[in-house]
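Please go over the structures that come below.
Paired with chain B in one complex and with chain C in the other, chain A is shared by the two complexes that follow.
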Partner chain A sequence: MSRLDDLRGPVPARAHDARAIAALAANPGCARRSLLDAAGVDKDAAARHVGFPAPFGQSQFAITRGNVFESLVKENGCAELLRLLRELMGLPIEQVGYRDVESVGSHLRASHTRALIDRAARESEDSAVFYDHPLLSLRIAGHTSYLEPDVVAFRLGGRFHIVEIKSFSVIDGQAEPEKVAAAARQAAVYVLALRALLEELGHDPELVSHDVVLVCPENFANRPVASLVDVRRQLAVLRRQLARMTRVDRLLEGLPEGLTFSLEPDADGVPTRSAGELAEALRRVPARYAPDCLAACDLCMFCRDEARGCGSTDLLGRQVRDQLGGVSGMDEALGLAEGVREPGEGQEEISRLLRLADRLHRECVA
Partner chain B sequence: MSEPLDALERRIAELRAEVRRAVKARDTSLARLLRADLRRAERAWDEAVVTEESAESGESGGRGRAEGPGSAEGPEGAGPLPREAGAALMPIREQVHQALLLLGVPTAAKLVVAVNEAFFAGGLRSPQLSSLRRDEERSFRSDPYARPYYLCAALTDRLSPARGLLAASTWPLEARVVGPLSPRVDFLTAATRIAEHLARLAEPPPGAVRLLSRMAQNIPGAVEGGFGPVDPATVVGAARAELEVHLPADTAQRAEVAARAGDQLTDVERLFGAAALSTLRGAC
Partner chain C sequence: MSALTALARLRAMREGTAQRITTVRHCHVSDRPMVFVPVKMAGEAAAPLGAMVGTDPDHPRLLVVPQPRNRDLRFAFAAELAEVLLPYVEGFQKATETVERKGGEPYERCLEAPQLLVPNRPAAEFTGLLGRSTRFRRADGPYPVHPSVPLLGRWLTYFADRSRQPGSSLLLAATEALGAHWATGQSALEDANLAALLGWIDPPAGTTGQRAAEEAEDPLLWPPAGPATDPGFDNEVLAPAVQAYEEAPTDRAVARVAEALRTQLEPTWRLMWRSVELLRALPEGSRVAGRWEADRGSFTRFVERIAEGGPPQARRDGAVGAAARLAGLERARASYDVQRAYDDPLVMAEYRLTGEAFAGVVTAVEPEHFEGEGRSRKLRPLVTVRTDDPVRLAPGAAVGSPERRGHGAEVVEVVEVAGTGADGVSGAGAGGAGGGPVEVVLKVTKGMGRGKTPAPGAVPEPGERVCYTSLTDDFQTSAALPDPEETPWTHGGPPEEYVPGDDDAQEEWE
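Now for the complex of A and B:
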């Protein structure tokens, strides 16, 4: 593990939140990201330091909107959620228990969550339905990450369900697939963490349902509506990805001695290393840029710039990149298409396709 | 005759203290709100003192402006007073108490604000309530039982203060503790109380009907269909029906916690929660 600490430098490791863990599953092949995550490097700070700040981050309006909607669903002892679960899953009237984990104070939340979940799993008779503000932990590459699901619901068919409250609306029974997918990935992280907790406590991890309850505003009003989302696939991807992360040794082997991404700040809080040095260090680890990275990774702009600089076919998206298998860069691909370059061995097939595409393009444009 | 003036002076002094606290805590938005309240109160004091003087027709020569509580900062422009100010000049704690008396159960700040808006003066804002419990506790600690009532915390089954809930110290301990079933029971009780209060009013305020309709959406059988205004009697019936299911278990749980609280806690803790966690109360 000390090698990872060297990589990070003398700054505290950055804990992963559910969003970050879910994003891991988005680009499993990227060594740069795996390494930075495993070492707990603050990717956002690194990206800003090398001059490529990520263009995203949630808007303050979106955060406020999300919080307001969440508090609406949870107010009065989860009254809205209770109605939704009664309608959706036939929760019996007498099941209304509500426990706020946070009432013990924030420093005890993790242990209190543990105690409450243990009790619920042990004696399901006397347990509450809602556990508000729970705090779960998940070991990722040697570091403990703390995760905060919106609500954990129990007593729906005798199993735990993760409830995820999101403020994007479901219009006429349809929501934006990307947003639902992101929510499902995030919820899968919680399911995984809760299963890990149950396993640790000696209970059956299958007590946690792979169906998560997604609560969103319905149509154009603020009235919440609930639906069940199956996250089995996301769970499988996530598990695989996390298992890979624990095998970072393989990635570490190929690294030059003394490589570090240290962001050690001086007295003014400005990193002591120059941006150039850090960028150089980052370039030593291969990245696997894809346009999807723009939605999930803090370093996306840096990697995109790098990919542009060397004319990599990664910029064109995964599908095109895979088709252009034996072609090393965009220049070569264009050369093949325009016929100014002779196809090398094994490139006949792709060059024929590229020529055809070029001809079609000319015909269309002409 | 000078009673409203006294109340106003007290209110102005309180507001000044709150402004100072807010500035100290660097909460600029709250400070701005409070300053606006302060200015309004000072203006109201100016108006009240003038009307009082004219009523007394100069018997005593009148109190000079310089003695007034507004002298330190001085009113900025003597524009006409907005009429809502008359009612909103009640101290915040009294407004909250009023709402709590109507509801009769430990309540989250948000519902207190909603009830205040629907039935009473309105103009309460949630941020104003955030420091209320701490202020009351400080007051109680320095001078126990000096006030007729305190706004205090509801106690959880660990005897710690429940997050975000406000209660009145005059209620029996059983009503101020919360078990796992209590949030639902309290929600149903609050809906019942609001509905009963609405039924008593000759002209129910539309805001209150909206509030009840919103709450009724989450009570099975309380809404006949659609999102229109609900019938208070139906809501009361439906809420009572569900209450019957939960009440016996909840009462037993609450009695158990209350007995424990009565045995183990000191006076202060009984009102504001067990001291072991008091350092964290800032987070509430």
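Now for the complex of A and C:
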């Protein structure tokens, strides 16, 4: 993996979380992102250095609200969570253990989580335990990522459940679909990681339930409400995408000698390499830009600018791409439509459609 | 998305400016709309920070919640919003017209209706949430609020519900209204930014749409149009101002929050009125007035419901109510799509592209063609239309025409025109399903009058340019649904009658 270290340069590797993995799975064909993530490059810092900072920021109001809500659910050894789970699952859980995995210090958290989960899976007695701040790991494209689910609950109906605490509201039984979908994708990453761990320990991975517990504020108050979310579909998508994801070693093979995305800082904390050099290095690895990147990837503005530079129809979104039947360039598509370009092989059909669309348009605006 | 719109987006990208995708306007724009630009606190479902609202572009009213976490201040905000919105809405209730209807009692309908304009879809949703969090409140009991608050809640809920109805213009989101008429050279996701969208449509002199849109993405130049605020603004400007109010709730502290919010709301306020101007400048489609009439009818019914003392809208629909709402939305969608196509050749072109419509020149007419014998002998004029469009209509298909209301015809046959290679029309782009032009023989079945010969003008003349389509906007009866009391057990059985209780009125809003 020393090649990956070269790519990152002499700076600490950046770990990526479940949200990043879920986003990665959303665009598995992007070699640039795969490679930067695998090498642990700080994409946010890289984007800022090349002059295309990501448009993401978080309001302190939202952060405060999230923290307040999470501590409300977790306070007193997850007492509130216990009440919610009793109601939700109709379980006669009398007592519940509480283990804060964070108590051992960060460097031991992963192995401590591993030992605790191993013991829990072995023990046959039916006592419930909440594991707070567990640390799981998942190997993605030959690279280990560490993940921090909010809480892992065991044993409710004999299985492990991932508990995800989110501060968006459920109003009259409904929440914003995009937010629920994002939470489900994120939770699916945890389920996958926990299953991988159990399998590695020689236990049945199916001990981890595909129903995750989503805890959100109810209506306009701070009172939490729990719901079960079935993440089987997200799991299937995630598994397929991760398997399809271009293997990092294959990506490494094609790279030019000496390529690096190093952000090594000088004494003042400013990266020693010029922005131009870094941008040049980034351009050596192909990206696959889509407007969805704007919500997920730190490098989105850089890649969008690049796509604009070459007049790519990727800029207009997948719906437009679908209509253009795979014609990837603006000039090419317009050339076909306006009849100044001869259709290439396999383009006869789409060319006919575009020419017809162009004729109809001219007729209507004339 | 059709290939036509995709092509328009490509052109917008090349030209650097937005392209029209309609020839007319398909939404109603009121002479006196009310613009409402709300902002909410990040991380909260429905905690208002403030709003800019009003009917006069030069005199917006700025409403502010100096400490958005304070429940009393939120209700004070709601009461203030009610002060602006309710008189506006009530102003349309007095003047009515009597509408006669076939086989029914005549009824009254308001001559005009209010129109609320918000920047984007999330603002429309937020309007609904504000309505949801205020409509169950009471002026008496343990947590009394100003009597106008629950009424405001019902109106906001009504507007938000109505905005989900295709073709309704009672509440319009500016980005959606503009996006329905222009295609930009960016993605639909980026079009949700009002400043960027307007940058493409109406770039400042000396710059391209693309440049203007790029500038619009800088939150310092163009604050987001809400309801979410810019996180940088929250952290650097708003939070300290709210903190100062928390420490000393003086008028000065309130003014500081108000000024902070004004910087965020004013640019959007101006963009909203610019959007109104741009939309007004488009010629109105001929069926817009009819849809607005339906809006006026809906508005009148809701006024009556409130006057009769009906309960606030339930939290959730029952099974029958939900099915009826869904069926209604589907009918509205289908009808809106057809009406737009009939009003607008550029929308109709999308159906010509898929073969559901065709346009061409009449080559032959047999106006006194009859079918049947004796008493069942019927006038069925034959019309032959030559078209280059790829017709995908089978013999027997019923078609209508945008040029003639009430006119109906049936496809008799579609014949390929032989020997067209010579005139150079054939080849890519031109032609019927097989590639070349076709002749469509139609028999007219409706809209000829009762005489032995067709009424003048009822049958197209040779040489006339016509368009026919299988899309029809015929009246569809509503789905047959049982009464709520008859809800079958498969759907949970008859629902309990919804009576808003004390719990609803006292619900926390923290």
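Definition applied: the second predicted complex is superposed on the first by the 301 of 366 C-alpha atoms of A that agree within 3 Å, B and C clash if a C-alpha of one lies under 4 Å from a C-alpha of the other, contacts with A are read in each partner's own complex, and residues count from 1 in each chain.
We take it that contacts are C-beta pairs under 8 Å (C-beta built on N, C-alpha and C of every residue); 3 or more make two chains touch, one makes a residue touch a chain.
The structure presented is a predicted model; accordingly, all values stated were derived computationally and were not measured.
**Q** Thinking of the overlay built on chain A, is A:C78 touched by chain B (first), by chain C (second), by both, or by neither?
**A** After superposition on chain A, A:C78 lies in contact with chain B alone.
**Q** Which holds for A:G309: it touches chain B only (first), chain C only (second), both, or neither?
**A** A:G309: touches no partner chain.
**Q** Touch test for A:P12: chain B only (first), chain C only (second), both, or neither?
**A** Neither partner.
**Q** Tell me which partner touches more residues of chain A in the superposed arrangement, chain B or chain C.
**A** Comparing touch counts on chain A for chain B and chain C gives C.
**Q** Look at A:G97 in the shared chain and tell me whether it touches chain B only, chain C only, both, or neither; answer first, second, both or neither.
**A** So A:G97 only meets chain B here.
**Q** Using the superposition on chain A described above, determine whether A:G258 touches chain B (first), chain C (second), both, or neither.
**A** In the superposed model, A:G258 contacts neither chain B nor chain C.
**Q** Show which residues of chain A both chain B and chain C reach, each in its own complex.
**A** Residues common to the chain A contacts of chain C and of chain B are 223, listed in rising order.
**Q** For chain B, which residues count as touching chain A in their complex?
**A** 108, 110-111, 156, 158, 160-163, 180-184, 186-187, 190, 215, 217-218, 220, 242, 245-246, 277, 280, 283
**Q** Using the touch definition up top, name the residues of chain C that touch chain A in the complex.
**A** Residues of chain C touching chain A: 1-11, 13-14, 20, 23, 41-46, 68, 129, 132-133, 185-190, 210, 217, 229-232, 234-235, 239, 315-316, 345-346, 349, 352-353, 359, 388-390, 428-430, 507-510.
**Q** Along chain A, where are the residues that touch chain B in the complex?
**A** 71, 75-80, 82-83, 86, 93-94, 96-100, 102-107, 128, 223
**Q** Could you please specify the touching residues of chain A with respect to chain C in the complex?
**A** Residue positions touching the partner: 55, 57-66, 167-169, 171-173, 217, 219-223, 291-292, 294-295, 308, 311, 313, 315-317, 319-320, 322-324, 330-331, 333-334, 337, 339, 343, 348, 351-361, 363-365.
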